[in-house]
Amino acid sequence: MVTVTVWNEFRHERDSDDVAAVYPDGIHTVVADALRERGHDVGTATLDEPEHGLSQSVLDETDVLVWWGHKAHDEVSDEVVERVVEAVHDGMGLLVLHSGHYSKPFKRLMGTTCSLKWREVGEKERIWTVEPSHPITDGVPESFEIPHAEMYGERFDVPAPDELVFLSWFEGGEVFRSGCCYTRGTGRIFYFRPGHETYPIYEQAEIQTVLDNAVEWAAPGDGPDPYFGNAAPLEDLD
Amino acid sequence: MVTVTVWNEFRHERDSDDVAAVYPDGIHTVVADALRERGHDVGTATLDEPEHGLSQSVLDETDVLVWWGHKAHDEVSDEVVERVVEAVHDGMGLLVLHSGHYSKPFKRLMGTTCSLKWREVGEKERIWTVEPSHPITDGVPESFEIPHAEMYGERFDVPAPDELVFLSWFEGGEVFRSGCCYTRGTGRIFYFRPGHETYPIYEQAEIQTVLDNAVEWAAPGDGPDPYFGNAAPLEDLD
Amino acid sequence: MVTVTVWNEFRHERDSDDVAAVYPDGIHTVVADALRERGHDVGTATLDEPEHGLSQSVLDETDVLVWWGHKAHDEVSDEVVERVVEAVHDGMGLLVLHSGHYSKPFKRLMGTTCSLKWREVGEKERIWTVEPSHPITDGVPESFEIPHAEMYGERFDVPAPDELVFLSWFEGGEVFRSGCCYTRGTGRIFYFRPGHETYPIYEQAEIQTVLDNAVEWAAPGDGPDPYFGNAAPLEDLD
Amino acid sequence: MVTVTVWNEFRHERDSDDVAAVYPDGIHTVVADALRERGHDVGTATLDEPEHGLSQSVLDETDVLVWWGHKAHDEVSDEVVERVVEAVHDGMGLLVLHSGHYSKPFKRLMGTTCSLKWREVGEKERIWTVEPSHPITDGVPESFEIPHAEMYGERFDVPAPDELVFLSWFEGGEVFRSGCCYTRGTGRIFYFRPGHETYPIYEQAEIQTVLDNAVEWAAPGDGPDPYFGNAAPLEDLD
């Protein structure tokens, strides 16, 4: 069991009938329920709460933070962004979903623009598992389809992932590195491309399995807490 | 709980009084006991058993194979080597210890010479954890000493590891990539440098913790079983 | 200028009218001409020559070996394979083309099965550059099409590449890691997927540019020649 | 020939007699001269110049920026830092020296704290080449000593390098990943540990060879300029 906080901008669902029709209680609710059903201890937080729902005490008790944002990345305060980044450096896992590629915490942790190609025409996406030994693929088929998706295409301007787990094929002719693992500080980060506010992608069983696995993978371990700073010699010096 | 088979050449311990004084029942026994105490289901196998104790049925029931060899690498039959390599390709974990760098299965899986520098004068080794988020470092200190060790020094002629977990410092002036993670097929491989037949290194608590973690890390998961071969199109072709 | 040897099985072109119509003088001739036009010093070698044209003296004078094989992988003698593998370990570059994924030297250097999915219906392939800073992409477009190709699809059972340069999209619904960089010993290896014996893929300008770049990238450098074996201490020992 | 700008904080040399004794004209002058002697077109820039000497037009004409900073990282304006980061994203190489690990541009591009252990007692450092096929090692010995160095020890809190070229051994018992390659956007970054303001390390031939090689390696190539943003489909959609 991992303690998870699912963060959602939670604007689309209140502003757009199309989005509300798919995610009436917000994307965070669907993601949180899916993780809860799989045994995790899950809370939620949203942009318009005080401190965006991400106070220091919330982060201190979070093993893995799941991040959904799209239209209002700029409204996330720099103070909260730094708090999230520090929490990741100190070991909190971070699961960045779909349009979260342009979120402040992800860009800050990647050090790149995180730009990509995109197209929103509801085309088919097929996800291929390229690293079937990775724990994030447990119970995931070798390939599966998302009937209607927003396309994200390469070049995806991120650092080469430490581990590349999934690739996407799009009907319109593009490919994408859709499941990318990183470590920053002692925190593990998984970027997962699928998901969109007007398609019920987070209801798909395969997607929920990946989210569950990613939460397990990103949860902090019990490795050493490194010492930084001035250090006395461990050996006699001449 | 992981099902482990600890393989040992088991010659030194019978041929040399110096080795027998440290490992009277064989290195495999000490390693196996340490893993058993940590809850794993552990068997052993040795070079002079039929099929070196590694029949197909033994491998079929092994999650992780631990390999110790030193003087008699060439006596391991190519048939058994291919069997081990195939098992790794199919998901079995492999934990290669110290002088196992020159074993046939490791060289076969790495595709390189696996050569290195060495010196046996009982100097001090200090192991540094460089990737403290890695599960193999759970409960391991940031650094720890091995009072007397055989030196292995760079250049270590292996592929760049997928994940580099430990580095060694040696009193005589060398460094070494001492904890190296690889995936080959769907099998996970961990090369762990420490250990020697005339020093009680496998009795050290830190070393046993690493072995335990490595066995957990290398155990096969439940990812998809890839299909290989001729494949019908998934989309209509013009 | 790099000294290149282009190796070809050279069977298809003599056995099949379809292949001969596309590559009347052999695939090696087209590849060699393309590299020669770009300023390299290029020789060729084929399976049915003595020692397959790959005597020790030929390899000693080769900076980069280009490998095409398809139907007769098993006819390449193990002695020549070991000679090629040793030359790579000692710094010779190796450029493995298309169906060369199943060649003995490539499998030997990768340590995996190198299996994949395949289909031969002449569908469209589109190649995407995912790492535009890599020297192998100099002068290469961000994406380009191959009108008719044999499909190779993931899972491609190779070690995770040190650098992933190209991805392929296929009309039938698959994706593939089509440009993969490795180092084994001090030799650099580039696997490049495109190319087929019944399509004039090696006549395409983009493909020839990649081959040229890859030859430059894989050519041996002037780094240190590591010492292996017993080593005296560099520091005073207590 | 690469167009290089060597940036120096240039405070130590004017504030401290000890530093001025070693680098009377500034560290940038020694580094610039070494690169000029090796055929590069080298300019310099310092903190106290307008815009720290790093106007947009200077960066526009710089292939590779070399960065030395130590005491005054915080005085580098955020505007210039963003300008440098964007230039790297767009292909400019960046060579970060020693205490530059804590510079704003490096931390910004890494997304981590870049913390480490340190000690300044003038102990011996020995640098080991672990990846002798890498172009940055051309003409560099397998190992070489720096008689007196400031120690930097692991854990170095950076992302796992794309390529790890050098490791350091320190007399006092630590190790360090001293030559680390990264790509961010289309810019190549090399972190090189050695160098200190009170030791004549940049006068050492081996160090100057590495700087020369690193500048060549980091120089921008001629790969495709990726398109980002909304993209029309390349295939007919159903």
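We just call them A, B, C and D in the order they show up, numbering each chain from 1.
Heads up, the rule we're going with is that a residue touches a chain if its C-beta (ideal position, glycine included) is under 8 Å from a C-beta of that chain, and two chains touch if they have at least 3 such contacts.
A quick map from chain label to UniProt name: A, B, C, D = Trehalose utilization protein ThuA.
Just so it is clear, the structure is predicted and the values come from calculations on it, not from any experiment.
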Tell me, which chains sit next to both subunit A and subunit B?
-> C, D
Is the number of contacting C-beta pairs greater for C-D or for B-C?
-> B-C
Chain located farthest away, centre of subunit A as origin (C-alpha) | C
Taking each chain's mean CA coordinate, subunit B and subunit C are separated, in whole Å, by 31
Quick one: subunit B and subunit D, Cα centre-to-centre, how many Å?
-> 36
Shared-interface residues of subunit B (touching two or more other chains) are 126, 129, 131-132, 142, 153-155, 160, 162-163, 171, 173-174, 183, 185, 226-227, 234-235
For subunit D, which residues count as touching subunit A in their complex?
-> 85, 89, 108-113, 115-119, 121, 123, 151, 153-155, 157, 159-160, 162, 171-174, 182-185, 226-235, 237-238
What does subunit D use to touch subunit B in their complex?
-> 126, 128-132, 142, 153-156, 160, 163-164, 167-170, 173-175, 177
Spell out the residues on subunit C that touch subunit D in their complex, using ranges where they run on.
-> 91, 126, 129, 131-135, 137-143, 162-163, 171, 183, 185-188, 220-227, 234-235
